[in-house]
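What follows is subunit A paired twice: with subunit B in the first complex and subunit C in the second.
Now for the complex of A and B:
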């Protein structure tokens, strides 16, 4: 790591700056956490409690927001009446499936692009990443037509394929950086030891594991949080959590409690995933970038 | 156990020629050293032998089998890399077991072989460690261990001890030579360190700019270099070179340096070897530091009087750099008080050990 502690010298300006930093952090914390906190609390309130708000400027009345009987009714409702178990499964399959497919294909492509020298390699690499330069909306209509005529609309494989088209270029680029950092000699040693190319690739996979791990998480996040693909390609048979949540907003009745609960069950797994692999993710994403 | 034949091998990188028309025959169980400065094509040659590099043209045979189109895994070679190339996520044991695992040997036999190799290399107590926990010398032993666990046809060493410190390097030279004698396996060893070649090899192939300069035993290479490059590359401290012209006196031939202060009368045999060269021919004289004599002060009775430039004591021996006219010569002798820089000293040549090279082509006359 190239970072190191910076020497600070005490001065009035520095003291003031420190105070400003603390102030900023407080504002930032409230800004970030408050919506999540409101979502979490509201998901346990019934409809009446949810709209009990203190009058404007009445800071003392803030206790009103916490004055409610916690109820799990919204969660129960989501999983019993609204089929959220299935949507959650769809989300999981679509995001994980695409992550696995992207990493599998991506690592093979990245390995080849990292190791082999051939004419047009730079152009090929640029072409791969350029597919990420167009906004999703721009390709959505033609993609929908193609998917529909292939019978992929409303199916999980269709959704996995759609996510993979977006994850794969990214996978190739990131993983290529990791492979570039693995000394060629290690594979050559494997080849001399009696391994074929495939076995040699498997031999160096543990060395790019942090990258693969980090990348799987990014893919899962993309798929899990996606709304656009899911609402258009996945509509019908492969409904995912974000789409299902959006459908709770009905013309006659906006089901705030259920929406909040759905928001919680969509957010929490990814937050835990983030906590779980935090260390991993940071080393993974920076390792590819810097040469030791 | 195999001979290795390199026949008319060329290697190009784009338009750059790395190896030119190389022909070497390595005998069974021989320790052959490919010696040369960096960029001379020695590593490319080794990598072509391993199958890691495409052979641009020509053929390589192991025994009677042409291996050009055989991938490394089927060539039955074991290679030790300059940077060891250990698998960082595996223990020493797993590193060494890897080639056997790939051969699908059963676990009991693998353990036995690895332990045998570890014992031989004295790394038994390190078997459960990971490469990061090893010193340079231990890593290198592990890399060698990985090569010797199976019985390959050919060992390929690519500067395996170049990164060790000097003391360990000199120790490992002996160890490697001993190991090779014991395992009796054809070995091809690439190095840029002439000392490694001289001390370990049965024969040395000196390469320069992709071309094989000379192939011979260390003694042949040292005593009868075929050209100026080989003469200058092998030997420490390196050979002295003095630009000379030929002066004929009746039948005898003398070499005079450009400043005219040195005149050496050659023996009959040497004169004959130079006969084809015209009277005003210019040549380059080569003489090893061990074949010069130097004495301090005046009244030494030696042929020439030179001037001390600097002295470098080496313990028991010393190097004396002396100036004779415009030429500076390095002389190796037993340690003695040679006086201060700038003082006079006596200098003489061992005429029998002179080498004479063509100044243009570098070819040796003798």
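Now for the complex of A and C:
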């Protein structure tokens, strides 16, 4: 790169500058990682160890953070007494169900929207994206009333439908961008070779498959991390991990150890999924506006 | 039937800011059977989406004009525009908007400046890969969990951040989230922690698209790195930053999980952004008619933002997708 080829002379100002840059990076690194580390560590601490804190201004006392007997009691408690196994299953079914429905129907619609030209297409696309952008609380007010009258509150199908309100428009919108990048020539060639339309569509599926897979994962992530829908629409029969975590807060005492453990349980699988789809993550989180 | 470019009154297709068109006319999709085929592919999704978004929207309008009765057997009372007119005299409603804008402005300004700074430092450095991996971690966390985690860190008896702030002598009060002044910064910090990485990743993607010739030309003209950033990189970054700002602003009122968990809008409404107020009205006081009216005003803002966003997404001259390809 050009910038590296230009000779830089060392000067005190320049050394200062790079020292500042490095310091900033270190601070930013610590700022990003420290809360995660504290969460992980605290989930293995018993009540007494978790409350240990050095005196104010006692910088040497920071080591107290690592001075504890690791215990897995919180995790055991969550899964044996607090039923977290079931909540985890609920989370998985609701988010995966909605993701599969959304991406399946979404990819069909996205293909059609990418290939067809018709009057009102722009308005249709606008409606789709604005559905996705609507504030969750605002959507939930009427949805709650409708679901209540049709007995969907507190059921997993209700929750799957609720998650689909944001996952389906997301899937349509983002997969349309994917199909737009696939040239018509492939389908044209397939049709010329005597394939029917459905077979032609199947020909281009391998080209979009990695994206489709990644967006299934992203839809799972959106559903898994949702709290509002789950707390109102899923309340009762379809409790998910975030709601169960929030319920660990009791008026008398907040069970911080368990909450941190529940946080780890909720977060770790999603982090792995995030790493898995790293290439598509920015595209997904920006609704396809930014490609890496 | 297909509308040709001349019918649209546009001579040069590349000038058309609307739906993206592919250079050669898709003859294979431009006949009746193909149209029916595509329509059938499109319909299931559209019908489902209409069922879960358009139908509730009609309900929302109905509810905003009624006094909704949740008890079984009672029918809703016609309220006309009462729910809306009451909003004008509702102090909390106006405050909710103000707090929302204040919250978003704080979040966005910190996130954008930090994110861009980090991205510029990391771009093309050896640490880039490592940091990108680390960036992913906060973003993947459920907002509720992030809320709890920060509550834990802010706790007045055993919270490490509380201890840090006290030790640094910044904080003189006895609590972070219980203090009217500090609570806002407390929730903003959580959002900043979670989402600055996204801004950094977007900026990094943008920096990769900065035309290298421009950078070189500028350096030949004697510009240093700082000058280079402001006169070459930043103008190229604008569309990316615009997207980032719009998306983050949107999410600021799309998701209120963190605030609900951390403060519930308190203390003394200091962090009660409008969606939080809407949540209280609808699901704490169960005044669903009034809630619907508030939700309606929020949706108007969404639609406005949506219009802006689609404009950006569809603009073929924007540099985001076109340069370099993906």
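Quick note on the criterion: the second predicted complex is superposed on the first by the 258 of 292 C-alpha atoms of A that agree within 3 Å, B and C clash if a C-alpha of one lies under 4 Å from a C-alpha of the other, contacts with A are read in each partner's own complex, and residues count from 1 in each chain.
Just so it is clear, contacts are C-beta pairs under 8 Å (C-beta built on N, C-alpha and C of every residue); 3 or more make two chains touch, one makes a residue touch a chain.
None of these values were measured; they are calculated from a predicted model.
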Subunit B versus subunit C as contact partner of A:145, first or second or both or neither: second
First (subunit B), second (subunit C), both or neither touched by A:242: second
Partner, of subunit C and subunit B, that touches more residues belonging to subunit A: C
Touching partner for A:252 - first (subunit B), second (subunit C), both, neither: neither
Touching partner for A:54 - first (subunit B), second (subunit C), both, neither: second
Subunit B versus subunit C as contact partner of A:207, first or second or both or neither: first
Partner chain(s) touched by A:13 [first = subunit B, second = subunit C, both, neither]: neither
Contacts of A:199 with subunit B and subunit C, given as first, second, both or neither: first
Footprint overlap on subunit A, where subunit B in one structure and subunit C in the other make contact: 183, 188, 191
In the complex with subunit B, residue positions of subunit A that touch it: 183, 185-186, 188-196, 199, 203, 206-207
Contacting residues of subunit A [partner subunit C, same complex]: 1-3, 6, 21, 24-25, 28-29, 31-36, 38-39, 42, 50-54, 56-59, 65, 101, 105-106, 108-109, 111-113, 115-119, 121-122, 124-131, 133-146, 148, 161-162, 164-165, 168-169, 172, 180-181, 183-184, 187-188, 191, 197, 221, 224-228, 232, 241-242, 245-246, 256, 259-260, 262-263, 266-267, 270-271, 273-275, 278, 281-283, 285-292
Sites on subunit C touched by subunit A in the complex: 2-3, 18-22, 24, 26, 28-30, 34-35, 37-39, 41-42, 44-46, 48-49, 52-57, 59-60, 63, 68, 70, 114, 117-118, 121-122, 124, 127, 131-145, 148-150, 152-153, 155, 157-160, 163, 166-167, 193, 197-198, 201-202, 205-206, 208, 212, 215-216, 219, 225, 240, 243-244, 247, 250, 253-257, 260-261, 275, 278-279, 282-283, 288, 291-292, 295-296, 298-299, 302-303, 305-307, 309-310, 312-314, 320-321, 325-326
Touching residues on subunit B, where the partner in the complex is subunit A: 50-52, 71-73, 77-79, 81-83, 85-89, 98-99, 102-103, 146, 156
